[in-house]
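The structure under discussion is supplied below as structure tokens; questions concerning it will follow.
By written order: A, B and C. Residues from 1 in each chain.
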Amino acid sequence: MIKTDVIIIGGGATGCGIARDLALRGIPHCLIEKGDFAAGATGACHGLLHSGGRYVVTDPIAAKECYDENLILRRIGEKCVEQTGGLFVRLPGDSKRFRELFLRGCEDVGIPTEVISSTRALDLVPNLNPELEEAIKVPDCSIDPFRLCMLNIRTSQLRDGLIFTRHKVTEIVKSHGRCIGIKATDQATGEVREIRGNIIVNATGAWANMIASLADCEVPMTLAKGSLVITNHRLTNMVINRLRPPSDGDIIVPNEAVCLAGTTSLAVENPDKIGIESTEVDTIISEAGRMIPHFNHTRIIRAFSGVRPLLKSKKIDSHEISRGFQIIDHGNGMYSIAGGKLTTFRLMAEKMVDTIMAAFKLKKACETAEIPLDGQEELSGYPLSKRLADMNNIVCECELVSRKEVERIIQQTGTRNVGDIQHRTRLGMGPCQGGFCTFRALGIMNDMSVVSPEQSMEMLRGFLQRRFRGIRYALWGDQLREEQLVEYIYLGILAMEKPQ
Amino acid sequence: MNFEHCIRCTICVENCPVMRVNPDFPGPKQAGPDAQRFRSDREKAEDDWVLLCSQCKRCEMACPCGVEPAQIILKAQQRYGLEHPHSLAHVLFANNYYLSMLGSFTAPIANRIAATKIGKKIFDAMSIATYIPFPKFRFHKLSWKKRTPNRRSRKVAFFYGCFINFYRPDIGRKIIQLLKSFNVDVVLPPQWCCGLPALGNGNLQLARSFALKNTASLSNYIDAGYDILYSCTSCGLCLLHDYQDIMDIPKAKKIAENTYNLHEYILRLVDDNYIKPQFQEVPRKLAYHIPCHLRALGIGYPAAKLMSMIPGLTCEIIDDNCCGLSGSYGFKKSNESTAISIGNRAVARIKKTCAETIVGDCGSCRMQLGGLSGLVTLDPAEVLSESLGITLTKKIKS
Amino acid sequence: MSVTEYDAIILGAGVAGLTAGTFLAGRGFKVALVTSGEPTACLSTGCIDVCSRDSNPLTGINGLPPAHPFHLVPEITIMESLNNFQAAMMDMGLPYTGVADENRVVLSALGTFKTSCLVPSTMKAAPQDAKDSIHIITFAGLKDFYPSYVISRRKNTKFSVYDAGVVSTMGIASLFEEKEFLESFIAWLKDQNINEDKIAFPAVLGLESAAEIVQTIATRVGKPVFEIPTIPPSMPGRRLFNALKDYFRKKGGDIYWEWPVIGVEKSGKIIEAVMTASKGRPSSLNGKAFILATGSFVGGGLTAGRDSITENIFNLPVLAPGPRETWFENDYFSFNHGIGRAGIKVDSSLRPEGSLWENIFVCGGILADTEILKNGCGHGLALATAHLAAKSCMEYIR
């Protein structure tokens, strides 16, 4: 049994941000996550660090929060946040009135804007729709959300935080009506861990209500599924937004070597049972194609869905529900933090830890906005210069991931899961979506005796099945050719057997 | 962007002669479409391994998806060249045309010096490899012949290229005789280097200047009803492909539409019944080394078809190997061992045929294979000439 | 426009295309084969899968669903196609082992058994069950092969590593073609004093001389030696392709590389010619009959848009399983994805159904209802349908 002060359930941006803040304020803590980091909404979003522009008209408070955080993240994440800048493009037919509201709203909130002509916009982003009327430049940024979680966790690890991924919380232990701990099952071994703590933070996003119910509490939420498509390569180096009231498919974000475009919004009940639909893919492509025409012909390599954890509201259109967040004190030692968005994760964490400090009657102030994120120098990434080390022993050729990197991750994390390597190195995230490199990565794991011989076939099979879910709705044109080739390799050349 | 279509099948990798022997070159897929997703204008180019690509174009010929890895790599080479100083060897070969002019003008002396130890030392200092003898310059190169009595219904403007002009004008003269014997009027239009050496050695500006001059000159002849002929397959690929797709030359399409490979043209004359060549027996056993750029031209192997009409001639086609020289690539010291390894593989394959003679359209290939194997090399035009009894007259001027 | 006339024009350089072309060329027809790149066969294991549904492939064929194109080919033609293939490969120095009525297995790089019918002689000694103990030799730095996968499935397996100095599949295969390298390798191998029953290698033991090299190693070391096919780049696939291509040329066929077909000339119900852009100067090849063997999606014969599937050259009607949602099932391993049935439906003469063309014949992976992976019938189907298509074509021309 492990004893600590604060137990954080949920390894998304919020949970990881809380871990970092607690670490910097010297509070012992333990983070439990059911999957790998960023398994929920964090890992299924654009990776956009908003300037706030998107919310100035509909939700100025959220907009201000975003902008303030944007400045902070650019400072503390200087080496990992890509300062792409963003454009809000106005197409023929888009409301001029909205444009006025937008500019005024940005001014009120303090977001710096620059109105630029269509010529200049096309200079900056040659792939834009040549018919655009004008564009407004804002300081949007992008980051790989998984990397963001990893960097926050780094701080926690450096200060003896305990982290358990791939552990599913099955029970919240109570004593005299107070939550005193949790029980979680190691998904790989089946072993049950019990962890005791004085405070439990439920930072599970879309699963907040499910987790809260383990302690007989409630977190009223609206779950809205949002889908994204990923392109083969960067069609733009700047974030592209549509200058109109927020709607489907109006954001395109460059991230690492790809673009993410989306999103959609459909109410769902169960965050574990979601899947993208063909019609969503078509909608996203057609909307994105209005801003960048090449989208209509470009190669899509992946299409997937995530669930937004929104606070329950009577408003029907979930684009309108406030992205603001809420901290719920359940009065029994457990707190839930719900709502919010990626850009404001640090602020959410700060408020949560302030609350915890007050509960502990401690007085250490939050430093997460001042101290740079740990571990930024270790990152590989985009562009080419960050991937040039060791060009001669590349395991994933699409994303230029070297064998050294893979071995390092395996040694550092002790992982037995190809997905873990994928998230940390981007192996298998490129055009062939792991077609070749998974065979190699698992071979390396075999060589290093990290997996038992019996496990590797199961892992390969499991990987291919999961991978398929992410690409199934993106299979036409070049990607279908790619997929047929990968099929020939695994089912033909490697003669993978049908599962019994 | 055609790199979008790459499905990572590795067929290009199977074909790359450099990657096979040089572990420092990551291959056409990785240096081309893989790396291209990561190349950004926002940072300095540091991908020096792109310089190892010999531009043989085998990857492009093999790709089933229409990706042109060599072109992607060429652009990366150009970008790298803009930000890093070129080696002396690069500069010299880019200006091959002018240096060859000089070499030709001082021919007997230049050749003699090149063969001495001092010559070798000079080459070493310039980072030029000497594993095969440097070609001998000829003083009496071809000269422009702008007009011809307009007697025949078929007339061509012959783009002879630097190799024939400076090193083997005799082949050029044989080709002219051959065409005349086929009742074709031949002019030698004002022409300059096709620009490929400059392009391949990082001097796009110089390449374009040649291209613009050539295009203007050849255009005039096309307007006057001439077809343009080339015999060097690398010149051909440059005129037909690089002018349009890489150098962005206006009117390049017009040139491409009216330019033919010499043997392609002769075959047309045969198919149209314009000529009925009486090929006499040539009892030779030949190994026909297909130049990489001929394969990339998409015209089949017309010289092979012509040679198959020659009685007594055995001609085994070998199109699986690059010779390794790739124009000036192998002449650079940094590529020397790569070029030799590739070349030896090609020679080993040729020797399996037990042929005494190697035939190939590209002068560069012939230099390399002849130099490494010690076998005699011939241009297909020489074989055709032999079969048709074409010999050079004593007069030097044609 | 330059125009050349042929009896038959084959579209596609895969197993089907080259086989159909060879059949016709060998009977005196004037045959051209055009292709835009190299075929999927280059990536395959090189094994000829006929039908894996039964231990007797011919019985397995009879059990295939009624719509399967194998039913269109009389059993005698299937036998003929396999015999011709084996004879051709023997001629080209790449012998194949196996008989038409009995499947055998090849050990895969995952340690599973791949069912096939005719396998290259380099895989002849592959174990047919779990009994033999194996010693695997792999090469330092070869990232496409991991003995540990095989060891995980077969307890009686050990491995050793040899440093060849190069790390790519092609590079190592190329080295094995050199006598010196082979000798020092064999010396090293003998020193290992291997106790196991058989010795296994990733399939990198040479290119055109692979059969000989494997034989040499086996004889000198005194143990059966076999190759394990690798993920692409695949040497056995490349050897198969090279052998088929060279055999086609040996029989008198012409191959045009870099020849993507951009247009077709037709008159009434007859296709007269196919055209390519040829670097800006359209050129065409006339033919009396056309054999379409351009492959499935990977090969480029079929293209899937977001809503429909098209055939790229003649715009033939394509059987699609339904709208895009029906192309795939949720279970990756269902082996029942609808997309496996997409393709061209044909009549008993292998002419496309639902189209008016009289002189187009279709064979190979582009056919509908093949479900190649489910039925284990890739290259075998290509050989059989190529023969039938060639026969129908021959009848038509005469």
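Please note the rule applied: a contact is a pair of C-beta atoms (placed from the backbone, for glycine too) under 8 Å apart; a residue touches a chain by one contact, two chains touch by 3 or more.
All of these numbers come straight from a predicted model, not from anything done at the bench.
By number of C-beta pairs in contact, A-C leads when A-B and A-C are compared.
Chain centres computed from CA atoms place A at the largest separation from chain C.
Nearest to the overall CA centre, using the mean of each chain's CA atoms, is chain C. Inter-chain spacing, taken between the CA centroids of chain B and chain C, is 33 Å. In whole angstrom, the spacing between the mean C-alpha positions of chain A and chain B is 52.
If each chain is reduced to the centroid of its CA atoms, chain A and chain C end up 43 Å from each other.
Looking at chain C, residues 40, 43, 141, 167, 232, 234, 298, 300 sit in touch with two or more other chains. Of all residues in chain B, those touching 2 or more other chains are 7, 9, 23, 65, listed in ascending order. Chain contacts: chain A has residues 392, 394, 436, 481, 485 touching two or more partner chains.
Considering their complex, residues 40, 43-45, 108-110, 112-115, 141, 143-146, 148-149, 151-153, 167, 229-232, 234, 296-298, 300, 303-306, 324-325, 327-328, 330-333, 335, 339, 372-373, 378 of chain C touch chain A. The touching residues of chain A, counted against chain B in their complex, run 232-234, 237, 257-258, 298-299, 382-385, 387-388, 391-392, 394, 397-398, 400, 430-432, 435-436, 478, 481-482, 485.
Residue ranges of chain B in contact with chain A, taken from their complex: 1, 3-9, 23-24, 26, 29-30, 34-40, 42-44, 46-47, 49, 65. By the touch criterion given at the top, residues 7, 9-11, 13-16, 19-21, 23, 27, 60-66, 240-241, 244, 252-253, 256-260, 264, 267-268, 271, 295-301, 305, 317, 320, 345, 348-349 of chain B touch chain C in their complex.
Against chain C, in their complex, chain A makes its touches with residues 278, 282, 392-395, 403, 436, 439-440, 442-444, 446-447, 453-454, 456-457, 460-461, 464-465, 467-469, 472, 475-477, 480-481, 484-485, 487-489, 491-499.
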